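In the two complexes below, chain A is the common chain; its partner is chain B in one and chain C in the other.
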Partner chain A sequence: MRLRYLALIVYFGFLLLPIYWLVNMSLKTNVEITSGLTLWPQNLTFANYVTILTDQSWYSGYINSFIYVAMNTAISLTVALPAAYAFSRYRFIGDKHMFFWLLTNRMAPPAVFVLPFFQLYQTFGLFDTHIAVALAHCLFNVPLAVWILEGFMSGVPKEIDETAYVDGYSFPRFFLFVFMPLIKAGIGVTAFFCFMFSWVELLMARTLTSVAAKPIGAIMTRTVSAAGMDWGTLAAAGVLTIVPGVLVIYFVRNYMAKGFALGRV
Partner chain B sequence: MTTLELRSVNRLEGDELHLDDIRLSLESGRLYVLLGPTNAGKTSLLRVMAGLDRPSTGRVLIGGQDVTGRSVRRRNVAMVYQQFVNYPSFTVYDNIASPLRLKGLRRAEVDKKVRETAELLHIEPLLQRLPAELSGGQQQRCAIARALVKEAELLLLDEPLVNLDYKLREELRTELRALFERRSAIVVYATTEPMEALVMGGHAVVMGEGRVLQSGPTLEVYHRPSSARVAAVFSDPTMNMVDVNIRGGEARTPAGLVLPLGGELADLRQGRFRLGVRANHLSLRRRGAADIEIKGTVDLAEISGSETFVHFRHNNLDWVVQEAGVHPLARGAEASFYLDPAKLYFFGDTGALERAPSSLPLDSAA
Partner chain C sequence: MRKTESNKAWLLVLPVFLLVAFSAIIPLMTVVNYSVQDIFGPGEAYWVGTEWFKEMLRSEDLRGAFVRQVIFSATILVIQIPLGIAIALAMPAKGWAASLSLVLVALPLLIPWNVVGTIWQIFARGDIGLGGWFVNDMMGIGYNYTADSLHAWITVVVMDIWHWTPLVVLLCYAGLRAIPDAFYQAAAIDGAGRWKVFRYIQLPKLRGVLLIAVLLRFMDSFMIYTEPFVLTGGGPGTATTFLSQQLVKIALGQFDLGPAAAYSIIYFLIILAASFVFYNIMVRVGRGDRA
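Coming up: the complex of A and B.
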């Protein structure tokens, strides 16, 4: 019993060590970071955070990221909800193949799609816009959303749909007021996964933007200035990048397992 | 006064024929009991009646109007499923109110009707709860209330009581019967249980393998099943059936049992018959001078409280005797049971009824 606790403590120690170090660094001055090993900040400072939250070139990165992530989540859900409903309720020619084909979209590495997307967006004048990144991320998020939502929807008995039609519900009204409340956990989990993948994705977000829609991830990789590496600010940016994810995870923590199993528990 | 008419309705699902040439005409203000074993096509038929499924061929008419292709939303039907289907995210009140709100009724009117119906089904104290917080019986009451409140011209119930425990089932059954009597709708009630069909009364539509085997007033169908199959479906426990050969005023089974046929049975034609007798017409006691004694070995005696079902074996023939009271008979014991020839059904080679007991009362209650 005690061994188990010990093992768990060691495990969590290893897990949290990098995050602790990041937080630790973000509260130090650059001088302290580069001068030697200190386990906690000797001269506690919030200057790094102040820099990020006041310097437009920093905080605009967060705003840009939030905009395209929100756009992507909204688009993915709007597209995936009807698609998943169709897959879960109707049989049509090739439905199984199409369902599997959706998932194969996730199997190709993003790098494969970067070049065509870049060229395409340049041509259509979408380069360096938020919608460009949001659309590009749909390539991965829509299939995932369809898969997760289909699992949750198949858990709702078909008789509920029929009862609603017998009662006289129109389809949109039934879908919005009867059906969606029943799969709200699934919608939450799906939104979380869309948010997460879009938030952490860097390659496409960086390639498809230059200035106006530059994401925080891209800004963080370009912080080598003439004065050398700005370690403290970079660490603070890292901490702030983790925070939204932690918050979102907190809200869907009870449904995570079901979400990872694509709703099929 | 509306009628629901099914004209040669067929339904294929894949290669399987679920409904085979259904011709029925149902009138409003009446209760129709759809009786048949599982997979007889009861649910398929109800779904076609509701408009949830389209018949593969054939037509459905309501009040003379062809509604074959009309969507269920634009028909005036209500349906209760075997599973307790309610809107899980709505309270009981909102569940019952939803069909009324969709009709565009005013708030006060909705409220009045919801409370009336809830009172009828004894779920008034539960109106503010969610369906998941109710017991099975209460959930089904809620579903039934939602179906009743709509006052649809066609009310379909697909084995609504089958998932409830015995006591609740009996209680709800009698309540439902009283509720249906006051309705002007066409009520169709599907069940697998002959007992339930008899309690509900009305008209019986006996189904088997996707066909309508017989339809008519329930008691009449019960007393005069048109074929051996109907008799088997509409009998619980299943009717005892024996193949016999009739010659010279005697019915002889292949195993050598001889049943003398006197009185009005003397004029039966000679030849092969399938002979049927209900378990409750067999007795462990001699009840009349004409009774024929059959000796057999007890296979099993099921005691259900007020009555006993004794399974006999006689020369490779199985018989079930239903006797009032508790009769603990040991397995393997030798015992006699008695058969009254006046209670015998005679079915011909094709299974068609040739002679039903004439001593049975034929009151047409419906």
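Coming up: the complex of A and C.
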């Protein structure tokens, strides 16, 4: 028993130390960072955060990221909900192939799609817009959303659908007012996953944008300059990218475990 | 569940089909198109047949990246799956401690991948990073991940363990919570020890989630790009250049459309074949659970 808690503490230490180090560095001056190793900031400073939060070219990155992540989550959920319902309730021609084909898109390496996406979105005049990144991220988020939602929906007995239809509900009314409230935990978890995978992805987001919709991840690279690395600002920018994730985890903490099992446990 | 036979259900799937077709089929067709042509400029393309495929299959760079990729994916699977199971078993099941552990465990998963790279780039440095400093000064090993390929490898593997073991933990945790108490009571009556409970109750019940874990970890590790790109930039030399990074180098760095497209198709087919096998096993195992 004691061994078990010791092992857990060691593991959590391993998880948290690198994050602590990032936070620690974000609160130091660059002089202190490069002049020697200190376990906590000797001259506590918030200057790095002030730099980011007052400079438009910095904080616009966060806004851009939020916009395309929100768009992606909304699009993914809207199209995935009816599809997941179809997969969980009906048998139709090609259903199994369709499901596998959707999954293959989750399996496709983003690197394969980078070049054609770049050209496709340029052809449609969507290059450097938020919607371009949101649509590109649908490639892996929509299949995942269908997969998770299907798992949750299959947990709802079919008798509920049938009773509702007998009671005279039309399909849209049933779906919106009876069925969706029943799987709201599943919808929450799916939204969490869409948020997560869109928020952490950078390769596509970086390739499809240049100025107007540039994500924070791409802006972070400018801390490398001729004058040397601006470690403090880089660390502060990193810390700020972790904050939204922490907030989102907190909201779904009770459903998260089940969601990770794709609703199938 | 008993499913109703109805082809009208296609109408519900149609939006997904159109959306994914737009963002998957059109680009994929472009890739196929490029892979059989030599493109000099707009309107100047020549049919080259399977030339690019042959060139890519013979390419030393691609083979090297492929071998490194396979070794990398195998290494992290061998470490992450058992570690994930062990941590999930050790985690508290109820109360505030359970919530807290869940939030802590999930933390690395919500960090943008380039920031994961940045965190480890800083943490592992000998001069300003706690981890690098600890290994260098406390253990007296001349550790430097930017110069020594073995050290770079270990750093990338440790980073991936840090980043993705939580996914395995969360999956297993969900699987463990779904085992009814009656199973444990029965085992206690039979006088089964800790190991027997794990071997004959917990492990079989975890089979489904473990397959998802292996599938996701295999796929995602096989397309890893951002984290090693930020951490080591693929170096020293090409020591930590994996398939995706090699591809991006050809496609966006050198803008060699034909070879990049042929490479993409080979790459995609490898993942597809492996995933098809996994998927079929998953479906079969899923059926076994219900029976």
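What we mean here is this: the second predicted complex is superposed on the first by the 264 of 265 C-alpha atoms of A that agree within 3 Å, B and C clash if a C-alpha of one lies under 4 Å from a C-alpha of the other, contacts with A are read in each partner's own complex, and residues count from 1 in each chain.
FYI, a residue touches a chain if its C-beta (ideal position, glycine included) is under 8 Å from a C-beta of that chain, and two chains touch if they have at least 3 such contacts.
In this text, all values refer to a predicted model and were calculated from it rather than measured experimentally.
Engineer: Return first, second, both or neither, reflecting whether A:I160 touches chain B, chain C, both chains, or no partner chain.
Structural biologist: Only chain B; A:I160 stays clear of chain C.
Engineer: If we overlay the two complexes on their shared chain A, which of chain B and chain C does A:G168 touch? Say first, second, both or neither.
Structural biologist: In the superposed model, A:G168 contacts chain B only, not chain C.
Engineer: Determine, under the contact definition given at the top, whether A:V50 touches first (chain B), second (chain C), both, or neither.
Structural biologist: neither
Engineer: Regarding the shared-chain residue A:R91, is it in contact with chain B (first), chain C (second), both, or neither?
Structural biologist: Touch partner of A:R91: chain C, not chain B.
Engineer: Any idea whether chain B or chain C touches more of chain A?
Structural biologist: C
Engineer: Who does A:L17 touch here: chain B (first), chain C (second), both, or neither?
Structural biologist: second
Engineer: Could you tell me if A:L8 is touching chain B, chain C, both of them or neither one (first, second, both, neither)?
Structural biologist: Touch status of A:L8: second partner only.
Engineer: Looking at the overlay, does A:E201 come into contact with chain B only (first), chain C only (second), both, or neither?
Structural biologist: second
Engineer: Per the contact definition, I'd like the list of chain B residues that touch chain A in the complex.
Structural biologist: Within the complex, chain B contacts chain A at residues 50, 52, 71-73, 77-79, 81, 83, 85-90, 98-99, 102-103, 146, 150.
Engineer: In the complex of these two chains, what residues of chain A are touching chain C?
Structural biologist: These residues of chain A touch chain C: 4-5, 7-8, 11-12, 14-19, 21-22, 25, 33-34, 37, 39, 75, 78-80, 82-83, 85-93, 95, 98, 100, 102-120, 135-136, 138-139, 142-143, 146, 154, 158, 196, 199-203, 207, 216-217, 220, 231, 234-235, 238, 241-242, 244-246, 248-250, 253-254, 256-258, 260-262, 264-265.
Engineer: List the residues on chain C that touch chain A in their complex, please.
Structural biologist: 1-10, 12-13, 15-17, 19-20, 22-24, 26-28, 30-31, 86-87, 90-91, 99, 101-115, 118-120, 122-123, 127-131, 133, 162, 166-167, 170-171, 173-175, 177-178, 208-209, 212, 219, 222-223, 225-226, 243-245, 247-248, 251-252, 257, 260-261, 264, 267-268, 271-272, 275-276, 279, 286
Engineer: Using the touch rule from the top, collect the residues of chain A that touch chain B in their complex.
Structural biologist: For chain A paired with chain B, touching residues are 157, 159-160, 162-170, 178, 181-182.
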